[in-house]
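Here the structure comes first, spelled out in structure tokens, and everything after it is commentary.
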Amino acid sequence: MSFEPKILGIACNWCTYTGADLAGTTRLQYPQNLRVVRVMCSSRINPSFIFKAFQLGADGVLVGGCHPGDCHYNTGNLYARRRLAVTKKILEFSGMEPGRFRVEWISASEGNKFAEVVREFTEEIRNLGPQTKFKIS
Amino acid sequence: MATSFKQIEENLKTEAGKLLDAGKVSMVLAYGRGYDEKHPLPYVARSLADVDGMVFNEYCTANLARYLVRYPRGTKIGIAAKAADSRAVIQLIQEDKVKRDDLVILGIPVYGMKNAKTDEAIDAKTTCGLYNPVIYDVLLGEEVHGQPVLSPYEVLEKVEAMGQDERFAFWKKELDRCIRCYACRKACPMCYCDPCFIDQNKPKWGEKSPETGGNLMYHLTRFHHLAGRCIDCGECSRACPVDIPLYLFHKKVAKECEEMFGQAAGMSIDEKPALINFRVEDSDKILE
Amino acid sequence: MSQTVTPFLEMSQAIMEAGGEALKKCYQCGTCSGTCPWTPITHFNIRKLVRYGQLGLDGIEEFMWGCSTCKFCVDRCPRGVELIDIVTAIRNVYSGGGMLPQSLRAFVGSMSARGNPWSGDQAKRNDWAKDQYPLYAPGTEYLFWTCCTVCYDPRNTKLAKATAEILKLSGVSWGIPSVEVNCCGESLKKVGDLELFDRLKSANRDYFKANQVSKIITVSPHCLAAFKKDYGEDYEVLHFSELIARLVQEGKLSPKKDLGGVKVTYHDPCYLGRHSGVYDAPRDVLRSIPGVEFVEMERSREQSMCCGGGGGGLWMEKLKGERLSDLRIEEAMATGATVLATACPYCITMFEDSARTLNVDEQIKIKDVTELFLESLGINIDEPVVDTCAL
Amino acid sequence: MSRIGVFVCHCGLNIAKTVRVSELAQFAATLPDVVVAKDYKFMCSTPGQEMIANDIKEHRLDRVIVTACSPLMHEQTFRKVLSASGLNQYLLTIVNIREQVSWVTHDIDEGTAKSKALLNGAVNRARLLAPLTSRVIDVNPDVMVVGGGIAGIQAALELANTGRKVYLVEKNSTIGGHMAQFDKTFPTLDCSACILTPKMDSVMQNKNITLMTSCEVSEVKGYVGNFDITVKQKARYVDHDKCNACLACTEKCPGKGVSEWDEGLVKRKAIYIPFPQAVPQKPIIDRDACTYFIKGKCRLCEKVCEQKAIDFEQQDTFSTMKVGAVIVATGYDLMDTKPLVQYGYGKYPGVYNALEVERLFNSAGPTGGKVTMRDGKEPQAIAILHCIGSRDKNNYEHCSRVCCMYSLKFAHLFKEKTSADVYQFYIDMRAAGKGYEEFYNRIIEEDVKFIRGKGARVAESADEPGRLIVEAEDTITGKFIKLPVDMVVLSPAMKPRADSKDLARLFNLSTDKYGFFMERHPKLAPLSTMSEGIFIAGVCQSPKDIPDTVAQANGAAAEALTIVVKDKMELEATTAMVNPASCCGCQNCVRVCPYGAPFFKEDKGVSEINEALCKGCGLCASVCPSSAIIARHFTNEQVLAEMEGLMEF
Amino acid sequence: MLKKTTVQKLSDLAAGLMEKGALIAPVREEAGHNFREISDPAAVDLDFYNTLLSPKSVFFPHTEDFIRYKTGASIAEAVCVEPDIRPTVLFGVRPCDVKSFEIMDIHFTGTGKVDPYWAKRREAATIFGYAFDPNTPADPADFYSTLGIGAADPEGSDVFMIRKDQDLLLQAVSPKGEKLLSELPSLSDASADDQKYFDGTVAAGRTFKTRFTCVEAEPIAKKFEDLFHNAAFWEKVSEACLSCGACTFVCPTCYCFDICDETLFSQGTRRRVWDSCMFTDFTLEASGHNPRTKVYQRLRQKISHKYSYHIRKYGPISCVGCGRCTRNCPVNIDIFSIVNEAMKA
């Protein structure tokens, strides 16, 4: 059987989650490997959530937020950008494949982009194979 | 020419004595005699009589800034601070854990401090490579000049050159050794949370047992919490009974932060810690 | 001619695909055509060109050669339309169909066969130097990129020598390229032959790579702009006037000879000014020369006129009354200057032609800033110039 | 132990087509703590809602999971069901298996599998949910209006007329704003002063309005319903309580200042009222122009003032107002066209900007309403250039919206007052508005020449010294036009006030890249801002004409009223709180919160959160290193549990 | 019975022992020597002073699983975890550490409630003690002789080993040791000289001095009782203490633990994990109250427990003077210096 990755998505309520809804409303098709947790703002994302997700066996983690400048809470995603960039560097230096963690800015109107990102990311994770480094067995 | 350790010790005693005598501070954080020469002890002098117990030698590596948060806000404290220690003081001032006005910083310009276990010089290996304190009120010796300018990040080369799998194996081997005694966070001047996230049950961020999962969670999250705040004193690694080279990871994160955000921790009291700050112009490239 | 037209959107699509993507952004306000120096004097109308392009209308080929890519319109366009890209794309699409004007055929032919626009023998590219100047080798700091025009065009070899002489005095480490290099291809690109341009470009890039070139000095602003914008690698490229200005400022070169109160005006070459943003360096150089009274023309800096030599214009014949260089000469003379200084071999060629045909070549001299600067250093390289333009 | 009910919706075939809903319900029943799991055709229908309500009672459910469409669709619907059944509404969890599952796949196996994972996450999360209640706070009934232009005046009057107390804060020494500078207003051509000054007077007369001229907001504290706003009263050097507006001082004053009202076209006295109908009609001293302040002696005004109202020692003073809501209506500036050197503004005396021309037409203006130029001559040919800096990527990308119409108005007035030929250089003629197209037609019939092409350059004429040449392409003929004229009128872009970004910081508003205040939603909340209780009206939001500005002002007044009309209000329930036992006093939360909700208790060494200011974004919770901050409804435990559930299957 | 082998043939001995069961012996690691289960006989390394971590983890591992369960399921379905207990040889234990087992036995078996995990492992183990060399000075942190433990005490070991230059002498101490020694073909019989050397070393070990002088337990116990309320004393000696757990985790006689439930997805494990009285949350009560919030209170607890409460309750000092806590303290706090200080106070 081919490898079906498990991907955890964490999406902000105002942009990316709504964008994901729009992808559905417009019936765009994308792989079903992504499971989304809704938070109010990408800045809510604690870096430990990301580490934890990998420990729980996520093969990839996708974070979605509003475009910088469009944050519902003005500046949340600007903090998130820095914090998640550091998260990414830490993952990389710990030996995790850099491709497994991605941050995308997807607005409420970008249903297309949401679907496209999910397709692309799922494919990338599929190519990377199962994530075993952090996974607690 | 740098001032000798003996001379620094003398100056330390003189200056500490003056401060205590004049009542400018209620205590001076310095170093005192341990069970032998190689093992000096962090030491608090509260009166002129205590000053005699002070020592300073190449093994006085402990970062005394770690003790600042232990005393009530507003306590007037004198503190002996080497280069990295002074950065810790600055960082604590940035974070409003201590007030600049409450401190008298006795700066120690020095090189050739040694790790007592290995007898190796630690200058740029496990610490930040600076010789002179960044901030001080009194300097306990001449500024060090003419020593080689060392990049604190050169030691990273080997680990940076590794492939992802090799690097993971490296860190797994190192971190699996962890016995969760938490000496690293307790020795760290910037780790002042009580309780630490890892001690909590709600939420339970990581297991308390010293196994791969909990160890990884504890250390990675701690690296993140110290991102943009770690001042590269190397105390975490020196404190570690099982010699995990935590300093390598901290240095890497500090290096990345400097590159991405253009500021190093503990260099100026007017800055904000990089991760509780942002610039609108920050590039999305940092996420790539 | 029928007054009925049918939009031919495939053609519009082809233009967009050839790099004229910006077509669709235009809302036809007329800022470009109102700004364009050609609109008052020729039938060329840049706005119309875009309009024809938007709808793919027939007849576009009639006036697509009018633009000299001076970039005035691009800087003013309220929609941020990259008009030069559109012109290049249109030329590419149409000249692919064999619609190259006669005067440009020799130009393109020479480029293709000999790697330079002047039908020069490639082996003789460095003849002007008479082995007096060092060749670039790995380890040298600056590559002095000699434009084809200063290598082959007799008037402009003076400029090459002037530059080389100053470099000799400058104390920097430099060398000229070997004869194997090609034209930078800037004009060729603007003429629309993108394929040949890519060929020349990659050959030059190979040379740069093989010789570990990282810093380049150009004498022609056209090469400067090409390297900066089109060559796509991280070379540090400087125009020679910038280098002189820096050396003067650092006190490494100081002009001594007083030129005796000569009144000089300066024409901003489009490719140095608007294309590359260099306005002050040549002026600083002129101002550093003792005995030069510097005057500005009415249209200067960002507002500068075009000489008409860009975008292939140097190789195209223009009727009297339709030459921008004539207008510019008049404007220069109106300031009372006796020297029109500039910093581009194309401008020099265009202005010298105009001064001659207007019969004012005695009243006003055309000089490169570099040449004036060399004079002020007290060096004379003047040799009899034989006008045997290879064309 | 929780008692969880799971309700799986088919949504007709919308979900059922690509998710095996009954299998999903059966799966749910196997999960820990799930005591009832059902599927139904339309859960949001009345029978569906009743089913949930009944099961809550019958099975004593304490958590409800509805597995259906996006929470953004029906979360409110089902929350009401819970409330009505006596269950706290926050104990509901929605699993989105329509927008994010059934509609994005064709494969029923995949769809069912993903739904199970999502449901498992929801069960994990639901178990940890806590009932939340909203806090109720008192509301201050007063309102502050910032900006005394037509928008601010209108809003203040509307509010005052409902009996609210209003503080109207104006930076200048008079209210009236730009509208007071205009001569006529398009398209009706009624006199601007005639319609504005009565309103200005009403403000003065209205006992509910506290008029605060020469004032600026200097600090804003508090939150919706309870703002504490500190206002700086700038020193006027005239005690307005004593002044009886005899204006003897202004006659004697030897000082010369530049008249802002007349756009710098003329001088005014150092002690002055900006214009005859100014409100309040009491003078102030311009420190920079006053002989006494410059040279140390003069004080002529003081000598002539019988009321002893002149006070050279006056200082800036500060006072704090308590209000429940704020309307910001700070208007605009015209862009400075000097940097656009091609148009020669500031270089050629014959080039004017639009506001200068307004003053030329005005009978109270520098020329007494006659159109004479700086050289005293009447122009024979006039070019009006549209879109100067507007619709321009190099300057302001927006259309300034009013320039087409006022340019037409200018053309009409020029025709009326001079015998000049009038040319309009335009890109597109935008005359969308009641009576606007008709006005355009009228101007066409007045024989104004329309040249469709943006003015490209203004130069001095070589042939006729003193005249100007406008260069442009007439895009209709494709011909290059060189038009000799005497006067050029530029219609520049409207931009926000220079200090709009400072004001935005004070009030915690966001701005676009130019500094226009951002509305909460461009369509559905155009007058609200991201800061609760603060509203915007007029051009400070985006360029608009007087009718739209007035409409917005009325709207903003009504919005403000909806807040201050109640004496209590309910706050967001999903706010953050600090667990003081875990707080390490690092103050990260204090530093990052865009709303200023967390604050540091110096004595206890811990942070606390003012829940009235909290919007529930959770940023503070993620920057809290010791996890002391609990982001209600999105707590660390809840998120981690949900993640674990999602990753299990 | 005294047997011998050479250091060169140590791996043969190790291989022989591995046939008898699991062999746990010192191996060289990055940070120092540690006891590890041996898979490669050549890895056994007796060139060490003392191991970094104490051998207590052999009988009392850092984590010990008790039961496994499914979350949401009935407690009746929980399954006990059977510890994997095999015959074990614990090889190369220094006399002070051997002594620590005796102290730990009090807690795990001696108080009436027997901890089956400890007891079974202890029973299955054969201990090869290994003498310090009385001819070289002790590490400055050590103070075992101060507590009456000899540098070469065979007591408590099943087999006791003394190094004689390149030879390794092995003396059976218990019947269990004797039996095992007789079954090891790689050993040869020792000579009379060897026996003399062995006995001499044991004797020399008894007079071997680490730092300080011998102490009596009772006066110390009393002193610490008196000092309990002397906060000034405790604040002073704890001023440098970071309150980390390094000392307790390397200590051979610290036995505090926590019972944790660890779950992943719906699988749960109840396990025992070492805990440390130096941690703030060690005494954190469910109510949120914490009787020991200050560093000095925790340090007082640690030291008083070892040097006072333990004596009162069980007799011996709960310390064997191995020096690990002192060696590993990040700020060089020396427990015995504090004892001395206390006696002076």
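Some points to look at:
Chains here go by letter, A, B, C, D and E, matching the order in which they are written, and residues are numbered from 1 within each.
In this text, contacts are C-beta pairs under 8 Å (C-beta built on N, C-alpha and C of every residue); 3 or more make two chains touch, one makes a residue touch a chain.
Here the structure is a predicted model, which is why all the values come from computation and not from measurement.
Listed here as common contacts of chain B and chain D: A, E. Shared contact partners of chain A and chain C, listed by label, are D. Put simply, the chain nearest the middle, going by average C-alpha positions, is A.
Using the mean of the Cα atoms as each chain's centre, the chain most removed from chain D is E. Per-chain Cα centroids separate chain C from chain D by 49 Å.
With centres defined as mean CA coordinates, chain E is found 85 Å away from chain C.
As a whole-number value, the distance joining the C-alpha centres of chain D and chain E reads 71 Å. Put simply, the C-alpha centre of chain B and that of chain E have 32 angstrom between them.
With touch defined as above, chain C holds no residue shared between interfaces to two or more other chains.
Residue numbers of chain B whose C-beta contacts span two or more other chains: 194-195, 197, 205, 275-277. Counting partner chains per residue, chain E shows two or more touched chains at residues 264. Residues of chain E touching chain D in their complex: 71-73, 264-266, 288.
If you check the complex, the residues on chain D that touch chain C are 341-342, 387, 391-395, 427-428, 452-457, 471-475, 478, 480, 482.
Touching chain E in their complex are the following residues of chain B: 34-36, 39-44, 62, 66, 70, 116, 177, 179-183, 185-187, 194-195, 199, 207-211, 235, 238-243. Residues 27-31, 33-35, 39-40, 45, 47-48, 75-80, 302-303 of chain C are the ones touching chain D in the complex. Residues of chain D touching chain E in their complex: 31-33, 581, 644, 647-648.
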